[in-house]
Amino acid sequence: MNAPAVVPALQARMDDSNLSSRYDDVRNTTTRLARPLAIEDYVIQSSPDCSPAKWHLAHTTWFFENFLLGPGLPGYRPFHPQYGFLFNSYYETVGTFFPRPLRGMLSRPTVEDVYRYRAHVDEHMHQLMERLDADRDPQLIERITLGLHHEQQHQELLLTDIKNLLALNPMRPAYLPLPDALEIQATPSSQWLEFPAGMVGVGARGEGFCFDNETPHHRTFLEAFALAPQPVTNGQYLEFIDAGGYDEASLWLSDGWRRVRESNWRAPLYWEQIDGRWWHMTLHGLLPVDPDRPVCHVSYFEADAFARWSGKRLPTELEWEAAAAALPVEGNFLDSGSMQPSGSGNASRQMFGDVWEWTSSAYLPYPGYRPLPGSLGEYNGKFMVSQMVLRGGSCITPRSHMRATYRNFFYPPDRWQFMGIRLAR
Amino acid sequence: MNAPAVVPALQARMDDSNLSSRYDDVRNTTTRLARPLAIEDYVIQSSPDCSPAKWHLAHTTWFFENFLLGPGLPGYRPFHPQYGFLFNSYYETVGTFFPRPLRGMLSRPTVEDVYRYRAHVDEHMHQLMERLDADRDPQLIERITLGLHHEQQHQELLLTDIKNLLALNPMRPAYLPLPDALEIQATPSSQWLEFPAGMVGVGARGEGFCFDNETPHHRTFLEAFALAPQPVTNGQYLEFIDAGGYDEASLWLSDGWRRVRESNWRAPLYWEQIDGRWWHMTLHGLLPVDPDRPVCHVSYFEADAFARWSGKRLPTELEWEAAAAALPVEGNFLDSGSMQPSGSGNASRQMFGDVWEWTSSAYLPYPGYRPLPGSLGEYNGKFMVSQMVLRGGSCITPRSHMRATYRNFFYPPDRWQFMGIRLAR
Amino acid sequence: MNAPAVVPALQARMDDSNLSSRYDDVRNTTTRLARPLAIEDYVIQSSPDCSPAKWHLAHTTWFFENFLLGPGLPGYRPFHPQYGFLFNSYYETVGTFFPRPLRGMLSRPTVEDVYRYRAHVDEHMHQLMERLDADRDPQLIERITLGLHHEQQHQELLLTDIKNLLALNPMRPAYLPLPDALEIQATPSSQWLEFPAGMVGVGARGEGFCFDNETPHHRTFLEAFALAPQPVTNGQYLEFIDAGGYDEASLWLSDGWRRVRESNWRAPLYWEQIDGRWWHMTLHGLLPVDPDRPVCHVSYFEADAFARWSGKRLPTELEWEAAAAALPVEGNFLDSGSMQPSGSGNASRQMFGDVWEWTSSAYLPYPGYRPLPGSLGEYNGKFMVSQMVLRGGSCITPRSHMRATYRNFFYPPDRWQFMGIRLAR
Amino acid sequence: MNAPAVVPALQARMDDSNLSSRYDDVRNTTTRLARPLAIEDYVIQSSPDCSPAKWHLAHTTWFFENFLLGPGLPGYRPFHPQYGFLFNSYYETVGTFFPRPLRGMLSRPTVEDVYRYRAHVDEHMHQLMERLDADRDPQLIERITLGLHHEQQHQELLLTDIKNLLALNPMRPAYLPLPDALEIQATPSSQWLEFPAGMVGVGARGEGFCFDNETPHHRTFLEAFALAPQPVTNGQYLEFIDAGGYDEASLWLSDGWRRVRESNWRAPLYWEQIDGRWWHMTLHGLLPVDPDRPVCHVSYFEADAFARWSGKRLPTELEWEAAAAALPVEGNFLDSGSMQPSGSGNASRQMFGDVWEWTSSAYLPYPGYRPLPGSLGEYNGKFMVSQMVLRGGSCITPRSHMRATYRNFFYPPDRWQFMGIRLAR
């Protein structure tokens, strides 16, 4: 792969010491998140969408080995000849890979093997980082940054996938005990946020790291719109349930209605009714549904049906971005340790954290979009069909991973991420 | 259902005599299209996407019975108490309906029964039309127009579904013999059509009939773009095949690549290689692939991969509409009798007819979209997820059914419609 | 294929005139059975187990064309070059064949084409039969007899498959109107039939036509046993239903219980409860369930569960045969025209007609079994796994097709044949 | 559950000290077999037929807890309130149970939890055994014996399931390294074993432990038959492969041929061809196929096709039993530590060990069969449909678990047990 003259989507610039320290921070965070797991928890793939924790730990490591150590560290030899096959996720141009739906069929390498793999790659990454020169090696430095954001994405996935696994277990085990301290919630505003019609600039401007799918920055015209100041709460969603929302075909997209009936959806994922009261599985085990917290684990179909029932709609991703662009990236992120949506953010305009917000925008390329050159061009671009964009990050997204231009994307029926709803009109 | 004060999407206005004569024209065209069929051809559902010819004939009739005669003709009693159940397609708010995948399991009512149903409804529709007054009954008149456009949609579906059925048959029967006269093809232009950046108005303005999904007319901003003057030809597509396009993962969207391998796609639908030469099934039986005609029966995945291989892209639906807005609706439509893409349209800018053109736009509501009130609101709006927009009509679309703002929509893997490719850059 | 010196399973001997007249009888019976069908009824395959009526008419004809006219009539040329491919059922050694689950996808050849095919083959079969000499051509004569029994099997299948198709139709059409005359039923005996332990001879002795799977005649030892004098009635089966038989896991084989839950079985196939009363679909349309008639359309799982609930068991096929061997082949067969189980047979020992009786015997080769030589060896032998034997014929079996040694076989969950229950102890 | 006056199928009689010591032997053997496993190996369910090792360890323990400690040890309280739900395999009459296909979705209880469960139950079982009196508690003593045989069955399943899991892993890990010592193989006899026609007694006589499905002892008549002196070898099976056995439809049962094509079977399970040479996965990792050892991991379909290709047949289970009845239970069992078929048994008549031998007998009740009373009646009887009997035990069956009357049973396509072929004629 020849390095292009300009790499449009990787704009991070940092000196070496920063990079090395940030590398350790991110890698250690992953390890720290895995610490509460039993060996057994690392192994299982609870659905084809999920991956075993062990796999997340190994795949993020393979990313550095394959995209950094291989091309960048002279004389580096892969830790194990088959790990490239086992831990490549979907890069067709890198080589064949183990079938995704079978990731949970591999008892070996063991968890201990995977930690040795991580240590081996970390050691060699430090050797590489010591040799790097910002002027000479801008592309490798940018790639390390990309690898760290990639690992942050998998930190979130590791937690969503562990939640999925533990929720399947009739014993309802907790990933972590519920923190003692009660969370303080601000009184939410009821004042909708109004925006006038006009041309706006959207997409990443290249002033910090971004994924290629956030580029290019471009102009668009938005009609006047308004957004709710916070995400929809469990209490509001319970009204929808109690009003028979799941029984009323006219509220649903056709594909959504078919799914409601086929999968017998009656509530968000992880909710269960016990003696007439709603509980839901959380990373802290089974807890009562709190009406004041943002609703979570709803599909696009449910978000859309709720909005229709409310007489409102979902925002487009560009409306969302226009509303969030000027705000600081603050909210209930992974860093808070809460691991649940809290609704405790900025009361008058909470755009970040708590839950990823479904938008009404399909995940498509921006005008003039060009994927990264080489194999890393497979990172985002090849998924631009049949998925919807979500914005804003969740309570298990690392704060340093988030920004206003960030485009997350999932299929309309997906529910296992921390997904919620914001209304627009 | 209460009639709303304003019905935004049904703007047709015509005097009674016009309406009655247009009604007969459309209804008779359906019958004429079915004439070459054997009774046996009417019965089979060749895939879950298709419907038996018999069903199309009955469902379009039910549409008039249910939405016009029921509410509009005093004392009208349904022709048969179970036909509402059998021939409602998907209107949840009208009542339950027979499962779509089982439409081919019904040998009764017979074809003769269905023609008697048509005659019965036609007779009563004429009674109704004689009673209508344009000032008093604007909504009913609009609905009849909608019913006729609905029937025209099913004329096209009847032909695509019959083609699908006959193509499954190892005897490769023709729907109609190939017309004698050779078609004359204009020499195509190679001059791309250039458009400057700017604000444009898109969507239906309400000057003639349109579906609700074409509304409201609204402003949007388009960057400068260029379109190829004609659809991609079989010859151009054969270059893609010969260059190994179906073997090169990097050309494909991820979902598309999975589908290519799972379904072992090697060429457009209905193509087969015999002794090294490509043939394809047409409504005139098995014919050699003509390199000068537009390629047809490709999925969105194939259209997108071909565009990527060409170093180009697909147009957005609004780019397409901006380019077509000022043109007359001329081209190779059903009215030509050709029933194959010909490539014989306007050589310098052919936007209509021949093949529906995949755009890169997901099928989503326009800003401010509101579906029709009542059950007819299910006509279009509930399908606005996971599908892509196609534009321009095909060689089996009735010309009077087409307009520049028309939005057709199918799922990315669909191929059985007359779907082709236009490039943009 | 070389004719073997001895063909053990085809023992029919008859002079030429008999054969020709029997040929016409059987072939005309097929046509007569198809007469009440609309063209539309001929086309549909209502489940992968069933075949379109059109296919039955053509396949039985192909049998004569392929196994008689091809090898036996000099200069014979197939009626159509593709019919061998289309109407070979499963003879791998004859050549490839059209996939069974897609038989309902073929609108052509039309019904009229198929009748012309029948006439063509009948004409040539008569030419062949005129040339045959019993001494010179014993194998061809035996094969014609086999072909006629084969066609009789398909007469029964044609009716079971038509019933299956019409029962799927919400309009519940009748194949034929209910005959006027009430049927007279004998008062059934309650005297069980007792048989002592001992060696018995079972299997066909070669004194008339039989299939290869009935051979060789052989000795076996049976412990003492007793059989119920008649099949179980609807009334008895309703007691099982009312006692919660479908809810009580301990009554069921494990595979059966899984099927009960997966398919939500609550009664025999074609039964439905309307306003608290049981009705069932018959060839005469929807009729009330008559408690005095034999229960029909139950799976092996249901027969076995009913027997367990009764404190009894099902007979083995050899017990059944020992009990029936000395009896005349009399009962309610197709010839009665009733087309429903009547329970009107010999009151003290009814072994034949009404319903095929599930036995507890797996369909396996008799000791020393050898299939027919050549392709006709595929007729029976290759199905000898995972199926259960049924005995005695049904109300839609031609009487001349039946004998005490006849072994029918279906999979344990199958219900669409006229299958019932006899108890043993 | 009331104890019946006579428990026909549990005939073991032993004094208390024997029982306690045998209990420890069997339970410790299970633990010893699990010792080579990594924690990760315990968790995964590699196919719906298999269970995680962890589940085997817990389920066998639950058997003692539920069927012995619950009814037999006053005041015993279950170790964990949900283990009954999680580790009941299929006893509908005991209560609901966790769905079998999801057994690999449970990371908790952990392996350590399961070992604590085992220790807890073992401790209480010793308390129970100390209290038992042979005269007063014959049924409980018989049940303990049943529980130990049950655990021995799961010892074999634990190994077959671990082999299945490790064989899926591209790293081809070994369960245990290959033992150093070469095995000595006797020169096999080519002398077929001949048996005359006559009445024989078959089934268990009640002189030692047996399962209920081996009863009652009864008379049957067998025609003269002959058996091959040893199972078919890899070398003989390779001739079948090389002769195109997997490509020749006429050799196969119809269901088998469909499976061959759908699953693309080209050799026994676990075989793979590398550079033109056949290897197979064993519990000692990937090894070359040894032509002198018995072929293993073939389905009934393959056994039957091989026999047909050989011009022979498979034995019936009663022929097999008649041939084995007088022999000592000697052969290559789990006790040898080999864990592979060796072919090293008695050269002139090897009936036991190495591989389970498919018979041509469907798994059905013997005449007069009665299942055990109560929930334990579900142990064997409810599986008596659609499966075939296998005889003789394998190289991973504990020798003390085997006897001539033992009936194992699997579905015709199953291959993951140590299954082989003996020919008859």
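Letters are used for the chains, namely A, B, C and D, taken in the order the chains are written, and counting of residues starts over at 1 for each.
Operating definition for what follows: a contact is a pair of C-beta atoms (placed from the backbone, for glycine too) under 8 Å apart; a residue touches a chain by one contact, two chains touch by 3 or more.
As the structure is a prediction and not an experimental result, all values here were calculated from the model.
Visitor: Suppose you hop from chain B to any chain it touches, then on again the same way; how many hops at least until you reach chain D?
Guide: 2
Visitor: What is the chain whose Cα centroid lies farthest from the Cα centroid of chain C?
Guide: A
Visitor: With chain centres defined as C-alpha means, what is the inter-centre distance between chain A and chain D in Å?
Guide: 47
Visitor: What whole-number Å value describes the gap between the mean CA coordinates of chain A and chain C?
Guide: Chain A and chain C have C-alpha centres separated by 60 Å.
Visitor: Taking the mean of the C-alpha atoms as each chain's centre, how many Å separate chain A from chain B?
Guide: 38
Visitor: At least two partner chains per residue is the criterion; list those residues in chain D.
Guide: none
Visitor: Linking chains that touch, what shape results: line, ring, star, complete or other?
Guide: It is a ring, because the chains touch in a row that closes back on itself.
Visitor: Quick one: which chain pairs are touching?
Guide: A-B, A-D, B-C, C-D
Visitor: Over in the complex, which chain B residues touch chain A? Could you list them?
Guide: Touching chain A from chain B are residues 90, 92-93, 199, 218-221, 223, 249-250, 252-257, 300-301, 304, 360-362, 364-365, 367-368, 377-378, 382-386, 388, 412.
Visitor: In the complex, go through chain C and note every residue touching chain B.
Guide: 38-44, 46, 54, 82, 85-86, 98, 102, 104-111, 165-166, 168-171, 173
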